[in-house]
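Notes follow once the structure below has been shown.
By written order: A, B, C, D, E and F. Residues from 1 in each chain.
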């Protein structure tokens, strides 16, 4: 049996529910998926500020441990590098998962996101992961994160616009809250549409099946232990 | 049930056997793996020439169809773009699979290959897939492809040298014939070692589970039908 | 006297004729140009599949040898790396020739090709050769390869559109079948137009005059000899 | 009068003192420099984990506001993007400051850092800021952050080694705690040595003098207001 | 007291005046700014030809020496590398200054220049300095250099168009003659607008305050002495 | 008959002689080569300063006109962009010619130059022309330009070292004064060695034969006419 923890980096319960259902829908027979929300931080992530402040809560869940692998279910992949230093199994971000998966399906993908101000972060990640030549564009539907689950029309239009204007081979959904539209949009637009939560679930399962986890040779070895102060003192890693 | 065809692009039967065993060892419970060798072309692939001439046989297997997904099990990913145009399911090359997987485990990977003359092709693929910043080096063990399965010592030394000199987080084995050493070298060198055959098997399974296959929007749509002549006339695609 | 073999990678005789005439029109006084078609494979190259299957026939011609230099006259440069391993003189692809030549005439060039699905391959080559900053765009006239020789109007319109929208300094014709329009379009659009067949002919002549051919130091040394099976057994290189 | 806040992202008071002295030593006549430590988080930053958890405290200082400009004095530039969204004046990270400054003094710079595990973050920043061609190497002195202020010998040796092996034009000190050695090492090694705290102080002053601050056109506009929960609820931005 | 020489690389006196006023307006209390025009060469710089021929006059001023730092006030940064070899203090070009400054204010900047033919040079500099990812576009107002100071309307329109079409965070003025419009356009368009003369003045002051100047370790060491002939014989550097 | 002007950008007569002989040795039967030295400027080019001040003399020769094509025979390609704006035929720099030619002969080339301080300029050109992936290294023989023609031993050693340490496919000679050693070193080291003067001669001939010259669509159109002052007043382009 494989145990997977899918972490919703924001505090919105409904979104944690959607994320859990999405992961379970694609998980293998022997995989148990637990979905958990963030116990501290923003109710949604729509800025660099929100994202930075979602990270402590994500790391708190990772630290608790006890799973074979972890998924960070926000398209900014918040805290991914830090999570890899402390996790007892592989950790996958949904942006990285969606992008890796998309490049296996064609030459180019376009990202459709919520607010246009989040495109900068998506651009950084595309670059960090090496997909700047594969990424053909970024499009925003201009719907806030917590409303996107119900915003079929503007999201569909943004997807259609992206597919048309960029001539891309694949669409990538740029928010965990969009997962419900994946199959439907793909059928209607006749283009593969990749949702990061599903993709990350399968990649995490794959790494576990392969017996692989984050290298601890240097950069991603456990952090040097030390004292933490103030409201974050529980994060201290001193022996 | 998921049916996967793993294609060995050379004509060496022993290597087809090893590749099949490797894929089956990591396949999920419900996956049936068939392994097939190349019916035409070189007995091993050690040059651009060999690789180019291995492609028709690979495409012949892909054309036959009838599987949910396909793996091309040579580290040059021969015929991958063409295979994607004609396959009835997703197609994964083992070089791309190994590289994508390696980047989920750390910042950097080094490739250990057979003859040093094959490094050029590996370099092209690293670049094509966007991993030029992630790739920290290329090392050859200078053992011919058909002997590498039995060449534990020189291969181990090349791996150790790569891990030491490049300071990389992950090692990538650059030949399907090296698959048998994966777990053992990883334990001994204390660094994740990625074998492409295993990695590609899991990626193919994942895409199938996600209901995804190659985009047929443009570049990878089925090729325009036409007449073929000479020894390759059976590849003709005319209605 | 310099002897040059210009190889048409498809099996269409009319196109071989056009290619031969184009090369001879720019060849130096002392150069004899032979043009030969592909004895096996597709009648035109309009997909990755066609291109991969054109390669064995190209390599068969190269192997025959007996020339001072070779030109591969299809804009995908099919089999170029493999050809360089086995040729007894320099080998030039027409895409590489056209791109190198274009960058000597200005900052930027745009490529005008046949079917839009072939743009992916052109993009790969632009990248492989280092001209991603010099290339300002790709445009398709959406005429099949075997009809482009007679499709003056749509091709002219695509060229005019490229020159206008990209503001490029130079146009590159992305198919050997377009060679006949080179001078005429250049005059009408007042922009240098580069045809790869002519450009490759001059580059091959130049390398020969300089006494240069492909390095055989490593990657491009003659392939290790080995047995080939099936319909491709004649390609075997065993002593 | 210009008022500048220099924030030490860790909780070590001695280091806050050093940072303040360093900034004041180069500040213009009319500039008042306040130096402040982090009220929550790690006592030093030596991992992605430490860095992620230093960010809330940095943002708490920035939010307080009341200055003409801000410097984040840790070489990982923690929280820089988020800080720019909320600050009432320009914000400069010391890594970005050191790198920009170094490129004005020569073609290439090498970074000398504390623990080798922090090189990954430095590499990311070099890339993020566009200096991958200018950066000629990364070297660690393998001294913990809180001891580097007193570790003249190993730091000098790492600097000498970097200058020698990379042939770089400039050295960049990769930790705020190294500031005290800047002039001395420069004189001894006869190579410009750039300290980020000093450089950031001057860049912040310059932007203020030019009347420039972070663009609020899109990505860096103030974050959408929202509710925050748990230990971080005070970061909430709801009206 | 800091003494700064700001060099106008063209021979137009009115422009030298504007440049001097611009620099003095942002200079610190203790800085004396001298502005000097070119004693030989073109009256304005609008081509590679003009720029190349402006360089000897720029270098003649730099050679004279006697200042703590130097600014080359033409957006092509003419002669910058050569100037750094011979100057007795730091040298800053206004293109490099504007671009470095712009990247501290947001993710992306667009350049607005005079004649569209000068965009090529701006593109080269963007690339040389590492800002190809930060630069979101180039726009020309199509006004000659010597008329741009009075061409408020077409310049404003080009700036507005750039801000609108590129969605950039920052605008960079691509000619010293545009400095007068900086604050006004910024206020009207609600986007930071960076003028290179002001920016370079502050960067030069900063380097001087930090005690930094060009590295003389190798490439930028004083040129080997030698004989010069003809009209340029006075540039000879023979002992 | 084709008339080619090969310009030596320095004032050393012996070097002009060598350059002329080198070009004539590879020129086609119908080509007349004139070689001319620089009438003003440095006796050799060994710094950015020398190079910048060699440009006016180069442009003076180009302006005189009357040839079908031009070669600028210094490895820094001084004045190339400006020359292209004013020339009445194609213009080729020997660095660009050598690099383009080298990439047709293998995957990688290394540059062997005179003084190590000139490597920076070579690096810039490698980058400008798009060959950063093809270039495997830079090596200096540390012999001044005017002595290199007689410095067989140190130059040979630098070439041997480059071939050995970089494992490159091709060597590029980084100074016109090295042309005499090209064939000899190639035979001895068993690696293609490319001399830029020869390569540029053939490329210029090729462009002329193809009826191609620099695009005059925008950036490289004739410069706007204007007044020049001082010692450079003869360069004025006013009607």
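General observations
Methods note: contacts are C-beta pairs under 8 Å (C-beta built on N, C-alpha and C of every residue); 3 or more make two chains touch, one makes a residue touch a chain.
Quick caveat, the model's predicted, so the values are computed rather than measured.
Interface note: subunit A and subunit D, two copies of one sequence, contact each other through mostly matching residue numbers (shared numbers exceed half of all numbers used). Remark: rotation between subunit B and subunit C after Cα superposition is 180° (nearest 5). Here the CA centre of subunit A is 44 Å from the CA centre of subunit C.
One inter-chain figure worth recording: subunit B and subunit E are separated by 52 Å, centre to centre, where each centre is the mean of the chain's CA atoms. Rounded to whole angstrom, the centroid-to-centroid distance between subunit A and subunit B, based on C-alpha atoms, equals 27 Å. Each of residues 84, 107, 120, 127, 133, 218-220 in subunit F touches at least two other chains. The residues of subunit F lying in touch with subunit C in their complex are 26, 28-30, 84, 90, 92, 96, 100-101, 103-107, 129-134, 163, 167-170, 183, 190-192, 194, 198-199, 202-203, 205-207, 209-215, 217-220. Touching subunit C in their complex are the following residues of subunit B: 11, 39-44, 46-53, 55-57, 59, 79, 81-82, 84-86, 115-117, 119-121, 124, 127-128, 144, 218-221, 223-224, 226-233, 235-237.
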